[in-house]
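So, here come the structures, one by one.
In the two complexes that follow, subunit A is the common piece, with subunit B as its partner first and subunit C second.
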Partner chain A sequence: MTMLYLYSIFNGLVLGMAIFLVSAGLTLAFGIMKIFNFAHGAFFMIGAYVAYAVTGQEASSLWIFLAAALIATIVVGSIGVLADLTIFRRLAGVPADYTLMAAFGIMLFCTGSTRIVFGQGIHAIYPPAILGGIADIGIPISYYGLFIIACGLAVFLMLEIGLNRTWLGKQILAVARDPWMADVLGLRVRRLKLISVATSFALAGLAGGLLVANQALSLDLGHSYLLLAFCAVIVGGLGSIRGAFIAAIIFGLAESLNSVLMPTMPGISSYALLIILVLIRPHGLWPEQSQ
Partner chain B sequence: MKINRREFMGGALGASALAGFPMPAISQSAPIRIGCITSLVGGYSQFGQNHVRGMEIAAEAINAAGGVNGRKLEIVVRSDDLKPETAVAAARELAASGVRIFGGVNSSGVALALSGIMGELDSVLLTAAAHGNNLTHEDFRPNYFRVTDYSAMRIGAGSHLMAQRYPNVRVWGSISPDIQVGRSVVEVYNSRLPEAYRKLHNAEVQLKDTVWVKFGATDYRNEIARLISQGIEGLVIGVGGTDEATFLQQATQLGLASRLKAMYTTGSEFVAPMALKNRMPANFWSGFHWYYGAYRDNPIAKQVVETFRAKGYGQHPDGFIGMAHTVVLAIAAAMKNGAGDSSKELIPALEGLKFDTVKGPTTLRKEDHQALCDVNYALIGPANNQDGWEVIDSARIDGTPFAGDPTPGIALKFG
Partner chain C sequence: MLELNSVDAFYGQAHILHDISLSLATGGRLAVLGRNGAGKSTLLKSIMNAGPRVRGEVRLEGELLDGIGASDRVRRGLSLVPEDRRIFTHISVKENILLAQQGTERKSGLPTLEEVIARFPLLRDLVNRLGGQLSGGQQQVLAVARAIAARPRLMLLDEPTEGLAPVIVEDLAEKIVEACATYGIGILLAEQNLWFARQCTSRVLLLDSGSLVFSGDWAEFDASTDLVERYLAV
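Let's turn to the complex of A and B:
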């Protein structure tokens, strides 16, 4: 039984990092645009399909797998630039409801377009051989699981350092916290917003490329992660990368341990946890200063 | 004498009525419109798309042969998005435009919602997929028919097949989603599998606790670890669609699939092999609404397969094609027997109807409107061909003994 708990904790960490990879872009977009980007799940799905188009059912090497994830990042980031220039920027001066509706429309458009390009089939994608193995240390630890944990940590560190320790990151944070003052001080607000939006979309693409081999690929892929990603963003504190990281781990562990502790009520712990944490800390575990 | 437009219209309509002007004749030659309500977005959209294709293939063949009593069939398509409220809105919209016959439907929840409003809309619904036991039992509605098998038949027949083919597999496990259809599957399996082993081998089987999972989960690794720790030899898989592909993908990676001597599913048809390709596990029996390869001797099946391929839809028509086709054949057969397209005429004509389908003769049981037909399974494994998989064996099982007694309004009892 102890082994089952340990295994469950390992899987919870893998799931937590997967949730974080998806929620990182979501919370960044919220920090800048101040909206919940409903299209984020669709862009995550597009990233996964792009990676699949590059690698096929199984990437021949780790480098091809990583290159596919990079291509997915660039493609989805470019779509983000396009979406910002043609839609989000035009809606900057109107109430947030319109932007929300636009994001919903983009989601429908993306799903429909993906369906036309890739069809409606379901695909099982496998990690490259080097990540396909399992280390049996009493519990079966998959190399791909370790890879996802490493990717989650790397993305978290990059965002933390990028936003808090670099000049560009500090400018982005300034725009997120007070765009008017940033504009008065001479920062190129539009350009910084564009970079932020592109980065948040690119993160969705990266998550799609890295997680494509974690579960079956279908048009529903975005929905399956988006709900937990939203939970992580809300509980972590809207717009907070650190908060999303901690909350994603909490939700990953909760989901995973749920199947061991309450096997007849699958999935219930996440919703219970969401209610409890929002009641206890309505502003989030690690509230972002701009909110 | 001056006549205004209102008087002219009134006079003209009155004269037409008195003269028996051909107004009724217009409706008699008008096409019979059949509403196809199914899921055209999301993870189940490929099944929905095949519902549309199946109904259209049947309608085209019937129209090419002169239609039904001289009237052409027209398929009008609406997506339910797998949501009951969307389906109900679509049905109301179509009913307002004169559609009185509905077919398709993937989900049991959607079927339940639609069957509830069919009486109010003076319409008839024939579903081609929804599997819940309740639809023809405790939630029976007179305006609802099911032309395919359902959980009790599918899992009952599958359990019998497993006992037949794997007499030495005696420790079984199950994994199922925590939703109504998942509960139905486990309820049937818990009763029928031990029954089948007792009947065929006079032997007892050990059923381990069911592993319940969230519908739409992306990670089954803990559940797979639990199944491995149970020491099972056989497994019934109640998860379907994308979930089934994800489960099998992770089960093969973690070594569960290679430990199992037998697996059978409720039926995502070709979903798993098309997703996993040459990574398909061995001893995997997929349930089908209709497996075309088992009916090479059936002329209707042959025509459907040929049309499907000629239209460039692919090489492997699935049961969603076959059963949607059957919906249209049932309507046509009832109307050829003299029924009109109103529910008052159509329901009695469909009750007890025996007609030829892609699965051979099928009867719509009078009491609960459940189809009595074959249940199909296919053993699918990896292969070195273009698809990456192949059907190794298949089974046509008479579903009638597994359909249970008709108990409209009363829940099906097991064990």
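Let's turn to the complex of A and C:
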């Protein structure tokens, strides 16, 4: 029984990191642009398809797999820049419901475009052989699961250091916290926002490229993660990278343990947690400061 | 250096400033007095293009600033110290100052961090402290130091004494005058503290309900005995 729980905790950590990989760009977009980007799941899905286009059903090596994820990052980041320049930037200052509708429209457009390019089929994608094995240390630990945990930690550290320790990151946070004062000090607010938007969308592409393996790749891929990613962003504290990281792990563990403890009620613990945590900490587990 | 011709300012449909004209020579120091709601802050923000919709001419060094955003006005030599300080709380005192200098995009002619700190000794032991860990008075001094560090041609100060202890007010007036004289910075000061305004400026404008009701030097202001009672008394 203990082994079953340990196995479940490992799977929960893997799922938690996967949720974080998807939610990182989402929370960054909210922190900087103050929009809830409902199209994020669609961009995640595009990232997965781009990676699939590079590797096929199975990447021949880890390097090809990583290169495909990098290409997905660049492609989706570029599409994000385009979306910002043509749509989101024009909606700055208008009520949030217009932005939500625009994001919904972008989501439909992305899904439709992907359907035209890749078709409606479902593709089984496998990790490269080096990540396909399983280590038995009492419980079966998949190398791909360890790889996802490592990627989640790497992205978290990259964002933490990038935003809080670098000069560019500090400028981006200044714009996020007080865009008016940043403008009055002479900072290039538009440019800094564009960098943030590109990073946010690129993270969606990266998540798609890294999580595509061991998935049934279809047009619905985004939906499977987006709900939990939204939960992590809300519970973590809107715009907070640290909050999203902690919340993603909590939701990953809850989902995984739920499948062991209450297999007939899948997902119930995540919804219960969402309600309880929002009631206890309405501003999030690690709320982002604002001026 | 600064010239306003028939400037009107609006927030939405609300007409805040009415037909304001003024001029300020290079290095000049001008106080803008008036009760709460007279339009002092709106005047400063209109010059900076940082909020109100503006109609009329705003010129700096003869250049019409029509359509030029706040950040580009910084690069042309304007700097605003807002009423609510708006220090960035997630970065240090030093980084707040460096951020302002970066905004100017000037390669030379800016005071070094050490020079700025030397002018505002209150900040000496706080250089590495986060903006959010400063008291209100310390934040105000930093807001002024940040603006001076950018070495603007004209510094727009919006009620810098609000909420400050008298001893800090006295010190701040002295530091502002010294620094502006050294770096050739002009001052446009919106203020309700008459003592502070006198220390920092040589001329006075009086606003009432968004309109200019007096313009002159301090001697003329003092000679018009009813001005304070009519336009500044609570």
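Quick note on the criterion: the second predicted complex is superposed on the first by the 289 of 291 C-alpha atoms of A that agree within 3 Å, B and C clash if a C-alpha of one lies under 4 Å from a C-alpha of the other, contacts with A are read in each partner's own complex, and residues count from 1 in each chain.
Rule of thumb we're sticking to: a contact is a pair of C-beta atoms (placed from the backbone, for glycine too) under 8 Å apart; a residue touches a chain by one contact, two chains touch by 3 or more.
None of the values given here were measured: they were computed from a predicted structure.
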Report task. Look at A:L187 in the shared chain and tell me whether it touches subunit B only, subunit C only, both, or neither; answer first, second, both or neither. Result -> second
Query raised in the report: Looking at subunit A, which partner touches more of its residues: subunit C or subunit B?
Result: B
Query raised in the report: Counting only touches as set out at the top, which of subunit B and subunit C does A:G56 meet: first, second, both, neither?
Result: neither
Report task. Answer with first, second, both or neither: which of subunit B and subunit C does A:G121 touch in the superposed model? Result -> first
Report task. Scan A:Q171 for contacts with subunit B and subunit C and give back first, second, both or neither. Result -> second
Requested in this report: Considering only the touch criterion stated at the top, classify A:S256 as touching first (subunit B), second (subunit C), both, or neither.
Outcome: first
Report task. Using the touch definition from the top, say if A:G105 reaches subunit B (first), subunit C (second), both or neither. Result -> neither
**Report entry** Common interface residues of subunit A - those touching subunit B in one complex and subunit C in the other
**Finding:** none
**Report entry** subunit A residues touching subunit B - in the complex, by the definition given at the top
**Finding:** 4, 7-8, 11, 14-15, 18, 57, 111, 115, 120-124, 126, 132, 134, 139-140, 142, 145, 214-216, 218-220, 223-225, 255-256, 259-260, 263-267
**Report entry** subunit A partner contacts - residues on subunit C that touch it in the complex
**Finding:** 48, 50-51, 69-71, 74-75, 80, 82, 86, 88-91, 95, 99-100, 102-105, 132, 146, 150
**Report entry** Touching residues on subunit A, where the partner in the complex is subunit C
**Finding:** 164, 170-171, 173-174, 177-178, 180-181, 183-189, 289, 291
**Report entry** Sites on subunit B touched by subunit A in the complex
**Finding:** 41-43, 45-46, 49, 178, 209, 211-214, 216-219, 221-223, 225-226, 229, 241-243, 245-246, 248-250, 253-255, 271, 274-277, 279
